[in-house]
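Each chain carries a letter (A, B, C and D) given by its place in the written order, and its residues are counted from 1.
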Amino acid sequence: MQMSVVKIGSVELGGGSFVIIAGPCAVESPEQFLEISTFLKEIGIKVLRGGIYKLRTDPTSFQGLREKALEFLPELKKKMNLPLVSEITDPRQIERLDSSVDCYQVGTRNMYNYELLKELGNTRKPIILKRGFSALIKEWLLATEYILAGGNDQIILCERGIRTFETFTRNTLDLAAVAYIKSRTGFPVIVDPSHAAGSSDLVLPLAKAAKSVGADGVLIEVHPEPQLALSDADQALDFNGMRALVRELTTAT
Amino acid sequence: MQMSVVKIGSVELGGGSFVIIAGPCAVESPEQFLEISTFLKEIGIKVLRGGIYKLRTDPTSFQGLREKALEFLPELKKKMNLPLVSEITDPRQIERLDSSVDCYQVGTRNMYNYELLKELGNTRKPIILKRGFSALIKEWLLATEYILAGGNDQIILCERGIRTFETFTRNTLDLAAVAYIKSRTGFPVIVDPSHAAGSSDLVLPLAKAAKSVGADGVLIEVHPEPQLALSDADQALDFNGMRALVRELTTAT
Amino acid sequence: MQMSVVKIGSVELGGGSFVIIAGPCAVESPEQFLEISTFLKEIGIKVLRGGIYKLRTDPTSFQGLREKALEFLPELKKKMNLPLVSEITDPRQIERLDSSVDCYQVGTRNMYNYELLKELGNTRKPIILKRGFSALIKEWLLATEYILAGGNDQIILCERGIRTFETFTRNTLDLAAVAYIKSRTGFPVIVDPSHAAGSSDLVLPLAKAAKSVGADGVLIEVHPEPQLALSDADQALDFNGMRALVRELTTAT
Amino acid sequence: MQMSVVKIGSVELGGGSFVIIAGPCAVESPEQFLEISTFLKEIGIKVLRGGIYKLRTDPTSFQGLREKALEFLPELKKKMNLPLVSEITDPRQIERLDSSVDCYQVGTRNMYNYELLKELGNTRKPIILKRGFSALIKEWLLATEYILAGGNDQIILCERGIRTFETFTRNTLDLAAVAYIKSRTGFPVIVDPSHAAGSSDLVLPLAKAAKSVGADGVLIEVHPEPQLALSDADQALDFNGMRALVRELTTAT
């Protein structure tokens, strides 16, 4: 088994360092994204995240800025000079997202969208493949083969919690799955503690646990005023919370 | 609350009669599909099913005949003069499937594929929306709104089993969900006992239970020689089994 | 495989007829139990149920009349001349319940209480063994062996719903498990639709489905004024609902 | 909210230090238990565990030495001078276990055995209350009230994995539940990574994650020759594995 190292921009995942990818759940405006990414750059974050196309259970919820975000993101990104991770929800978005996004994220609802995975296999950008919230580890690993089939082996797996009977947390973060995959495959694995927790005060302890269990990084939602966020308000960290997380994760073990 | 009646071809679902939709898991060849549909027509089946694009967990499994099936299906269908239900897995298939398929089925892996649902909302064909195997009833009902938003209200819901800890059956058929939806919404609901059972001898008792609980129909997999089927071999009924099922479901209460 | 027939009093389960066992969730007073059982006898019910020791998640909830019920139950039962099913929650209750109870029910929380099962194996009364709400079918069948080991083969299995992610229903009734067990073992199987549904209007359709799938009977909660019941108020049938259920289940197939 | 500190022997849990409780799944013989506990004492372990009464799904599996172990344990314990944690499975064992056991463990199958919890509330020994493998956090916390009702507040909670659809690991370790309980209640919480993992190579990463997420300790299964263990052979650490775990957990953050 060979450990693979995947690069997002010039940042390596799977090579031994622990990478914190952070940003808002959704890009809400040029101003909001600039404010957040400027802050994140200052505290040392090297990869940004930000949703452009959002999949929401309720069709009346905010669906992301969509095409509107693509008008200002390329310029903003040039200014920030940081790579951007963003979710893709339809094969027809590949071309549109090309100049704005450095790493395509396949969200939990699309892990079984094999038509999309096949198309992503034909690109040469890194892919963050989130685990379906009810996917067996076995199915998750099989899904990578739809991407690999096209010749793209730049795959990072992301554990984000599975659906169980428990309701106090939004999903049950399966850190044993991270240990399992790290010991039995060569894929880099990151963890999204924000979605699993569904509550911002659980993000830091879960991120620390993710690092200890062997993950190569975490994906964190940040918002300057979480209570005003257009999506996932309950689980986003504010700037103070984000600063504390960076401090704890970079000094600890 | 108004009960809606949805037509597939000229067959009504939701109007009080119990409809048996049957056919192979996958269309494997013109000969196979003709043999099965001829048999089904003889025993009184009025709506056919047959997979053209298959989503398989394992990328090396048979993925359906895909475009090849579209070369012979329009003619075969004219010969049989029966409407056909088939799964759609990508918005770009809508045009291609138009002349072969009378009712689009959204499979369990695509219930959360809202980009696909939106596009289907723009068609005027009936849609069978299968429940995601880990979808809450609430999410399933919200998914219909993505289709309704486009102006298409020809929606049939299909319960096909949910993922639980149990392993003796492939999925746990949630017949209470059928009773729940029938009593609280106006949608026709059908049941797919074949996928849930994962074993052909459980199909008949579950189909009878589906009828008793108030479903408007069932979706049954049939194959002349199940052990030779290219997919779902364990759960398909053979012709004798199918005859017995039709007999029991049409004479019983 | 030999089908076994188990008798509760003189009523046979597993011999081909469909048995409705009914009564209150909990025996609340001599008057309440007399009123309900008189009504049930009038409409043809031949086996009563009624909780004496209740296991409640919340320790401040009503825990059953416990020893107090044992003061009046033997006389009441003589008057009614009907066998009584009641739950046992501790091996030390066997002696105490002996003259009041004709069939011990092991509740869902005690399916794994092997110390209790071993002791029940030493009695010669019939045992209704409810499935643990998270028990695999395999574990449920293995649990019977703890009873069989003592020489007691008078075992009736009872499916009552399993814990899943779904929240609109209290538990997910697994009717495929009933079909599975009926086809592969000789045990009589009954279904408790009341606890699974958690809502009285779903009880009738689920009871009909239970009959169609091959169950040997159902266990129904009845209360003259369900909204005043000391436990499980949401799911008990009132007398009209119970009359309707008996009518539908005895005339239908 | 007040953080409570619970003592097993003279070892404090909940007071800020991280406690490793270790020993064999089952006490198999005086020699085996002496060998393991001597080793554990040498490497600095201060609390032993060892099963006397085992609850096994399969009645033909090894059920523990039971009363036989009570003949040699009091003397062995005096020799080792270390407190012992052991599972109790029936209220009638309290008296028998009194001189051998310093802390009663309530296993996952008995979390809902409220009759047992009530009796343990009447003792004054510390209780490790394992989470039922399908218990909601809410139910777990309510179960403590059955113990508290009798006046015993020496309660330690133990997360040991919950039952989900995943099969590559035996249970899904819910470390978010640990963070949740630590932030919202005063109970000490420990983690049993051995049972959840079901595979010895996952024990160390999960134990480290447990520490990072805020747990007060771990419960580890050790066996000199795991492949010969009479129960849970797959997940026990051997002596080398145990040494490595102690080293990593005591030097790391």
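Keep this in mind: a contact is a pair of C-beta atoms (placed from the backbone, for glycine too) under 8 Å apart; a residue touches a chain by one contact, two chains touch by 3 or more.
Because the structure is a prediction, the values reported are computed rather than measured.
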{"item": "Higher-contact pair (C-beta pairs counted), B-D versus A-D", "value": "A-D"}
{"item": "When subunit A is superposed on subunit B by its C-alpha atoms, the rotation angle in degrees, nearest 5", "value": "180"}
{"item": "Between subunit D and subunit A, distance of the C-alpha-averaged centres to the nearest whole Å", "value": "36"}
{"item": "Centre distance in Å when subunit B and subunit D are each reduced to the mean of their C-alpha atoms", "value": "49"}
{"item": "Residues of subunit D whose C-beta touches two or more other chains", "value": "134, 163-165, 167"}
{"item": "Chain-level touch network, classified as line, ring, star, complete or other", "value": "complete"}
{"item": "Touch list for subunit D against partner subunit C, complex", "value": "55-60, 89-92, 109-110, 112-115, 133-134, 139, 142-143, 145-146, 149, 163"}
{"item": "Subunit D to subunit B touching residues, read off their complex", "value": "163-165, 167"}
{"item": "In the complex, subunit C residues that touch subunit B", "value": "134, 136-138, 162, 164-169, 172-180, 182-183, 196-197, 201-202, 205-206, 208-214, 252-253"}
